[in-house]
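In the two assemblies presented below, chain A is common to both, partnered first by chain B and then by chain C.
Up next, the complex of A and B:
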């Protein structure tokens, strides 16, 4: 509101409490960063003898490895130096310092240091770690995109988990019946769209609280898929023998050393995620459709009074979002893990929701969040396979902890669409 | 003299209310029609019908001699009708270009890419032609309300509207901004645009309208030319009986200082300074009225005085005792009556009965409570008495307060707050949205409190109210009190200039 602009003006001519507060805040931040820097140096001392033994596949799967060995302490010292510099700059420059940039530089170093320390010298393969990250992030990002589209139109969407499950089941069955790979994702999208329509009818026509409607769909999807799995798929396994959609090597680029394995031999879902995120970023922020969609989510009355049919727009957005979520869900059953299994989504729909909030309802940011969450998942898997370090569940909690931090406003404020979740009365 | 638009015998029934009863109005090309009526007279319903938001039960809309039916807002827009709503229909996080173009975008390419450059150029051209200066790339939420209104008008012009409907457009403006708006309206009219100007303020229609049509309880009472009309006559048409336009009150008999604020600073919800270093003293037996455009810290100041919002720094005393950090109940028990700005949010509990609402500030005390249980008979007896004393029109004290009219709801609140001896009255927007009868009644009660020796603090964005009631008038701008005038020195112009931040 214009209020903030006004009160800022007040603050400048009376030297208000705001500036003092900002100064105090930056001092506290500087202190915290300094502590972390010291902790990093301490970790360097404690792990002075540890050598990291990482490797990357050079060419085709199973080929020769590129070995990287370095003392873990060096990475800790690097982290400590960057953190120390951030702390000093924060102290000197006060509120003006853009500490997020510093933290963005420090984070990869800290993560590497932590990871290699946990490995404690055990040889580990990074190619698996990274492809695992990308393959995990693909469907999650598409799920988050589905959430972004429906919430930007003004309808809360917590039913991504349920759509993942139904998408996985229908994908597995359709793929098994038709025997062609493409049938899986298509069936997932169709079923997802129908569920999206159901959610829209509940929330928009009958004005059921959208959180309740989403919860009902999540619970219902878990029940239905479990029932069908136990009563049909387990007995008639021919309905649960889908054609897997395995990672694809992109011609030429996939043959490059190291990066060919790392970036260009991924699940088609990951490439699709990239394309969809780029496409819908354009659609949301550069087109007439996007302008109207965002207006409906922020202030439906503003759109309605200029002749936009808010209801129709929201219905369509919900169907589109459902199709995307169902499509993403089909990945779970088709990625070569033996078809559909009970509870196969394992909370990934909620991770997608977390990615959408973490990414502040922006597609690229949500994709970034999905990658971070994917890394936590892949690292946890790798560590548990190697049998070292933390209990893997600790890493699996990362997405939720990070989302809570963001929602609580500890890292800047994120603001969702103002009218998401509120039914709109037209005329 | 060609009729641009005509509404004939429009009738619209809502559950329990006949909002429009065979209403007919006519608008000529290039003329300004002032539509005058009290809150609840059916003006907004009529305009919502005209803009395609509501469908009339019967009656016809005739545009350029041709009968039309508007099934949705798009059809009304297409017929050239542009609506500037009282509550602006602008998306706060959009910029001006996006807000204006929304719904009428030019799109190119297979994906329907929004042609921002074209829209921007058209907006710049329109704002030059009609003198509506606005930065096309500014975010709506960063614009002051006066500018937002210009954006709304641009929105209508962008759609080539030549019938512009302005619903209570001056409600959020300073008198000077209102003058500017009148200038814009005259400019538009001379360029051939017809304007329907909806208001309940008499002097505004007298100043800007070519014809005045008065609505009362859903019916057209009559149409007059401003030259042949005077305020008393219009007020009588509007209310249906003779109305006193001024508040009867004698000289204030001022006592000692009751409420004293020294260097009070209050933060708003976002943690920003909303009230900055305010000094103000109110003495027993006087009314201090705070004028100002909404959103200049009045809300936060009232919340601080009544204990609903913490005081960040400064001193605040009531009869010499500090109120800083005191709970709302403690402040209420110390003799402070509070008529809150947002009646339905802070003044009452909808879903509870009139009697229960009357007890909200005393239910915990004897004889209404005996420690654990409520004493029904004492509560009912007290409620019956207040309802009678304060002329609350309710079927019974057991009626849900939500079903009463705004005026009667406000009487319940006033009755609750004034049915005991108080030393300070804090009344924020005490007559917002009320009919003239209720306004007169509330004003009389406020003056009564003053004469009984209470200090009275009134906050109002209605300049007429401030001028009618205040023994002293303080003006708030950007969180500060920028001037305090005695009633005799307070002219509309001086107060208006202070409201806009000008030093006097």
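Up next, the complex of A and C:
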């Protein structure tokens, strides 16, 4: 230690291998950003004549529109300038530069530019786009939150998809039988909690590999829900006519022009997601329960030594996670799309898994990831309705590709709880 | 080698797991039958009888669908008419046909398991294999090359595409430490979307009049030869290749240095690294081999059995394969045996659906139960109260 300090003092320009590597990395990064900046300027010239015709609903849905028109080239130039500044800063400051912030500023501009370029002047309604995003993100964020709670406690959770399916089915059936809206989410949460308990029993008590246990749930849920749908629900549609839980307009705020439609007329699940994310962020990082939960996920032996009942804590976390995931799953069948259908989750449980990884096991970040994925989904729907020539599959693949990029460490490394997936033997 | 007793003891847990799972499946059939449920208040015993009768009818259809109608087989043998005999035996050959993709992907999942990797990506690798095979069948077959070359090229392309899709998670695992569970799940969806995109946009492989994401009829380009003398029996070369692949995998895993290194990496990664075994390359190789096997499965399924490529050809094979690998104890012989059983169930499920309108998806539920029972031997022992003396002691200690 002291030797290297001395070397540095003698010859400040001599750098260690690590530093050299960091410098080379930052040079490469600066070069890549510069190329993107040039590409943005090229796009600006190529689309100099294109005008974006966006609109927002002002008061009633489908009523007056607030029109937003601007040349696409301006957004491209803006993106190019930001990217160029990021490239220059990266080159000047080397490894110390926090480039992710710069990219975070640039990305909305780039996304807007790409989106309006693809539209090529076709009028598009942003209210539809953004409410679609928020409504999609709500249940996904709750699912991701469920995953965060169970993984933070030390149990891997790839079974969100299965819980979504079971939550959707039980929500549809309970809502149909009882005829009141609240029965759906409650039933979803109860069934989800039971599935969480089953996962906990398999993984914690019988020490089944937690990935195998998750596969059991996913496979079994897909099998049994489709089976029940075909055998019972399709014939007796009275069991599959749930009370829909439609978007709710919040009093006063919902009447505000533009933002009333945009932010305050959403599915209750979206508001619930926001509340739950805030609540569990507090619970996880500001309470004794949260500290113990995280400790049992990072180093259960240490937690056990100071008297934390790791097993009990994990059991409870799994039941809670199951309830949340089941609750989120009930949205799928209750959002007014005609009840439960075969494979209705369509991989959304895995998108929730992607959101939790993309969000680095942090609730707010996972909500952000869910919003990004929701935007990709809503944009692909909108573009294909408008008949824009971008294959919808490209946007639909966004969550999966982004997750791989993140776990591959291409944009920063994420690290999950250290002991997630390892069985724990309580002394 | 193990004697008969050894074989019996290694078969006991899997066999019991499948039986118990089928029993639970029977309960599900009974309690999802609203007519039976409606009888319970007035006539509980009658309801029970009716329920058992219906389960019996379902499982009898399942068995007849899987193995043929015994009466008909006896009659056919008595008549000595080869055509009649072939028809009576058709359910059996169809079961074997259904087991081909399961064998390939099950072997693939097993190789990955042996190296300590959990390959949930069989589904995507299978689809990519199908894509490679479809593309090369159309290119090579369309060029009018001799049939053996077309077949070889088609299957090889399937294997390479599958291997590439398996290589990615393996490479990311050793390079960046990314969990293969996450990457393979994501790659499944990417493969499915990619294939969907190509099948709806790439005129080379898309059906001529197509607006739907379906490939051209592949029988025009490549014909995988049947291995039975009667053309009605569709069992094809893929079956023999699958068996050969099982032998090859077995030889590779247990008789070669690379196989030994691969298994060592799976048993104890640190020890393998310490011994200088190149554990990282073992993991990448295992994932690539795993993908190649799944890809070959996709190639044979698409060109030999279905003869048309679409995104639904995989039908959950990647997940069934996990069940097969676990039930078969990740041994090639066990995988082949389990794949035969599961193939028979899948095939029989068709007749069960036809005769009793019980959805074949019940089988996925049953598979999930089988995995659960196999993976939790203590739980199974508890349920059926049979002495699993050695195993339970090991797990408790």
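As a convention for this text, the second predicted complex is superposed on the first by the 412 of 427 C-alpha atoms of A that agree within 3 Å, B and C clash if a C-alpha of one lies under 4 Å from a C-alpha of the other, contacts with A are read in each partner's own complex, and residues count from 1 in each chain.
The definition used in the following text is that a residue touches a chain if its C-beta (ideal position, glycine included) is under 8 Å from a C-beta of that chain, and two chains touch if they have at least 3 such contacts.
What you are looking at is a predicted structure, and each value in this text was computed from that prediction instead of being measured.
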| item | value |
| --- | --- |
| Partner chain(s) touched by A:397 [first = chain B, second = chain C, both, neither] | second |
| Partner chain(s) touched by A:227 [first = chain B, second = chain C, both, neither] | second |
| Partner chain(s) touched by A:216 [first = chain B, second = chain C, both, neither] | second |
| First (chain B), second (chain C), both or neither touched by A:291 | first |
| Touching residues on chain A, where the partner in the complex is chain B | 1-11, 14, 16-18, 21, 282-283, 286-292, 294-295, 298-299, 301-309, 418, 427 |
| Parts of chain A lying in touch with chain C, wherever the complex brings them together | 156, 158, 202, 206-209, 211-213, 215-220, 222-224, 226-228, 230-232, 236, 347, 350, 353-354, 357, 391, 393-394, 396-397, 400-401, 403-404, 407-409, 413, 416 |
| Partner chain A, residues of chain B touching it in the complex | 51-55, 72-75, 77, 83, 85, 89-94, 98-99, 101-105, 107, 111-114, 141-145, 155, 159, 265, 267-268, 270-274, 276-277, 295-296, 312-313, 478-480 |
| Partner chain A, residues of chain C touching it in the complex | 28, 32-34, 118, 120, 172, 175-179, 181-183, 185-187, 189-190, 193-194, 196-197, 200-201, 316, 319, 322-323, 326, 357-359, 361-369, 371-372, 375-376, 378-379, 395 |
